[in-house]
C-alpha cells in the first residue's frame, strides 16, 4: 500500500481549475509550502479554498491570491493580508467566513460521514442566516453541514510510506480533519520514513485517509509574529 | 485615573480562580497572563491547539511550529498537551474551559457582543470568537470604555454585526468593572480615582449604580 | 459439492483488490485474511481501533491490550496505526473502507440484512454492524445458504429485526455467488459440483438465473 | 493543577445510587478494573451504565451485574455474558442497544458540546424508532443525540499529575470520548508520572477533561479470546 509520489508535481496530478481545495495550517504554521509553490507554477485558477487563514501577502495562500488563482475563500480569520482585504472589499474575491470551531468540526464531519450537526456557535449572528435553528437543553443551536473537497492538502512533520502522519506541536491544527475530508488527500512531510518506523500508538492521522505522500524539498517555515523574551 | 491596558489586565487577573483553564483572546486579554495572583494556578488554552501555554521563548529559541492563536511564538509548560482544532473546540464548546477573556468593539446591556466586522470597512473574521462566546459560561470582556473617537462602547444595542447574543456577564474597562444583568450594566467597581460621574458620562447603555462603588484594589 | 467455511472465505478473497482497506466481521469473514491472492496488498481495519491488523501472536506473546473486534488477541503489521472508536467509525461512516465482509442470519432480495437479534431468544447487540452496512459502498455477506434447521437464509423479505436496509450488493454462500439488484438475487457462480437446481431449492427469495452459470474457480 | 487522588475510594467520592456512568473499554480490554472493584465494594446500585460491552460473568461490568447493581445498560454488544442475558430476557435489566459508531460519536458529542448529529447508521431498523429521519445527498439519516454522564471512568496506560493520558494499542477504544463526556471524569492509570514526563505531542486525552487520577494497584488485564499461532 505504497502511497509515495516523487514530488508535488505528481502529488497534484488531476488538480484542475475551479476545484474545491482544503489547505491545512493556521496562519503560516503547518501549511503545505511545497504544494502551494507547485500550484503557483501550475497556474491553476478559479479555486475555492477552505483554509482557516489566507496567508500573508507574500507567503502561504497569499501567493495564490496575488496570482488571482482563488475565486472563493472559506475561512474563519483573514486579517494580516492587504491584498486579501483589497480583493474582498472590491468584490473580486468571494469570502465565506465561518466560526473557527465550526470550520474544524465541519471538515471532520465531512471526513466522518456526518452530514450535519448542531452547534451553538454563531446563533443570532450573520453566520446563522438561512440556517435551521433548534433548541437543545433550552439553548438555541444552528445546523451546520459537512465540508468536503476535491483535494485536501496537508503538511505533517513525519510520515511513512503507508500515509500515516505525525504532526509537530501546534502545526497540527486543521491538518488532521482536512486530511479526512479530501476525495484525494495529499500529504507533504518533512521526513518520509519506511512503514514500521512510526510507533502505531503515536500516529495522529492513520494512512487510510491519505492517497499520496511526498517529502518536501525545503520548508521555509516562516514565522508570522516573532515574540521573544530576553534570558 | 483611568487604567492603561496593563491595569485592565491586572484587574481581570483578580477574577482567576485556582485550577481554572482559561482562554485569553488577542490584545489586552493576552496581558492577563502577566498578573496571575500568588497561590493561584491556572492553565492557558490557545484555540489553535495547545493546553499549558507558557511565556514567549528566549530570543533565538523560537519555533515556527509552536505558536498561539495570535500567531505569536510561545513555549509549552511542563504538562502541556498539543491537539488538533476539532479537539480544541470540543474543549471550548463542551464548556471545559472555565473562563474566556476577550476584547470587543461593542457590548450591549443585554450581553450582546460585536468584535469581528465593520461593514464596508474592515473584516478580519470571527476566528474562534463565535464559538467561545456561544459556549463559555463565564465570559469577561476586556476593553477600553470608549473607542478612539471617544464614543462609548457600552451600548443600549450594538450597531455592528454581532459575534454572540446575550452572552457577556462581565465587562472590565479602563474606567470600571460592570456586571450585565436584567438588561443593564451594573457598576461594581471604579478604577482608582475615577468618579461615578465620569463612568456615567462614558456609558451610553443603561447603568445601574448602587450606593457603594468601591475603588479597584490593584 | 457445497463449500465449507474456508471455501467461502477463499472465494470471497478473490473479490479483494490491491490497495483496499477491508473490514472483516466475526466468523467466516475473519477467515478471508488467510486467502489473500498473490500480488494483492490489502490492509485490515478492525473497528475497535486498529488499521493494519496482523495474524494471531506467537504463543506466549499475546498482549491483552492488542485485540480485534472479535476480542481475539492479534498482532500489528508494520505501518499499523491505533486510534479511538470515534476515529474508527469516522473511517467507516466516511466510506474510507473499501470493502466490508460480514455474516448474516437473513438477507432479502432487496438487499436488507438481519444479523443481530432473535426476539425473545437471543440479543447479542449490533456492535458495529449497523454503522458498517449503512455506510459501506461495497458489502459482501458471507454465510451458509441455509440455517442449521435447513431453512433458506436468502428470502423475499427478512423476518428478523433488520441491521440495515437495501445495502447488500453481493452474497457468497456455500452454494453460490449471487448479486442483488432489481429486487432479486442474480446467480453468478455455482460452488464446484453444485447444480442450479440445488441452489434454486435452497433459495426462498426470487432467483434470476442467466443462461451460463460458471463454477467457482478456487 | 494537581489532580492526583490516592486510590479508587477517593476517586469515586460522590458516586451515588441511580447515577449515570460511562465506563471505558471494549470487551475486557482497557477497562477500569480498580474502579469496578471499588464499586462492588461500595455496593452502589440502580446504576445506568454506558459501556460498549457488559464484561463477562465474573469480570469487568459482569461483577456489577452479578450484584444487581446495574439498572440499565446502554451498549452496542453484550454477548458472551450469561447472567446478562438472563437478567435482560427476564426483564430485570433494561437494555438500550445502539450501534457502536453511534455510541462512540454520541459520547464524543456529549463532551464536545454538539447536542445532536445525523448518521446513516440504524436507518430503517429498531434503532431509528422515534428518531427524526432526514435525507442528505439522497440518503436517509437519523438524528442522534449527545450522551453525558455523572461520572466517566476510564483506564489509561500512562498519565501525569495534570491528568494528561496516553492509552496503549487497542485499549484506547472508547476511553478518550468517555473521558470528554463526564461531569466528573476519573482516570485510573498503570503508571502515574510527574507533569512534564509525557511528550505533549503524544498525549491522547488532554488533562482538561480529567478531574481525578490515580495509579491502579494491580491490573489483571484478563484476555477474553486467547488466540495464538505456533512459531
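Chains here go by letter, A, B, C and D, matching the order in which they are written, and residues are numbered from 1 within each.
In the analysis below, a contact is a pair of C-beta atoms (placed from the backbone, for glycine too) under 8 Å apart; a residue touches a chain by one contact, two chains touch by 3 or more.
Model, not experiment: these values are computed from the prediction.
Note on connectivity: the fewest steps through touching chains from chain B to chain C is 2. Between C-D and B-D, more contacting C-beta pairs join the chains of C-D. Among the other chains, B has the CA centre that is most remote from the centre of chain C.
Rounded to whole angstrom units, the spacing between the C-alpha centres of chain C and chain D is 28. Chain centres here are Cα averages; for chain A and chain C they lie 36 Å apart.
Chain D has its Cα centroid 33 Å from the Cα centroid of chain A. Among all residues of chain D, those that touch two or more other chains are 105, 108, 112-114, 119-120, 167-169, 200-201.
Within chain C, contacts with two or more other chains are made by residues 50, 76, 82-83, 89, 92-93, 135.
If each chain is drawn as a node and touching chains are joined, the picture fits none of the line, ring, star or complete shapes. Pairwise, the chains that make contact are A-B, A-C, A-D, B-D, C-D.
Against chain D, in their complex, chain C makes its touches with residues 46-50, 55-74, 76, 82-86, 88-89, 92-93, 112, 116-117, 120, 122-131, 134-135, 161-166. Of all residues in chain C, only 19, 21, 41-43, 45, 50-52, 76, 78-83, 87, 89-97, 135 touch chain A in the complex they form. Chain A meets chain C in the complex at residues 1, 108, 110-114, 160-162, 164, 180, 194-196, 198, 200-201, 203, 206-209. In the complex of the two chains, the chain D residues touching chain A come out as 105, 109, 112-120, 136-137, 141, 145, 166-169, 200-202.
Those residues of chain D that touch chain C in the shared complex are 26-30, 52, 75-80, 85, 88-89, 95, 97, 99-105, 107-108, 119-127, 157, 167-177, 204, 221-231.
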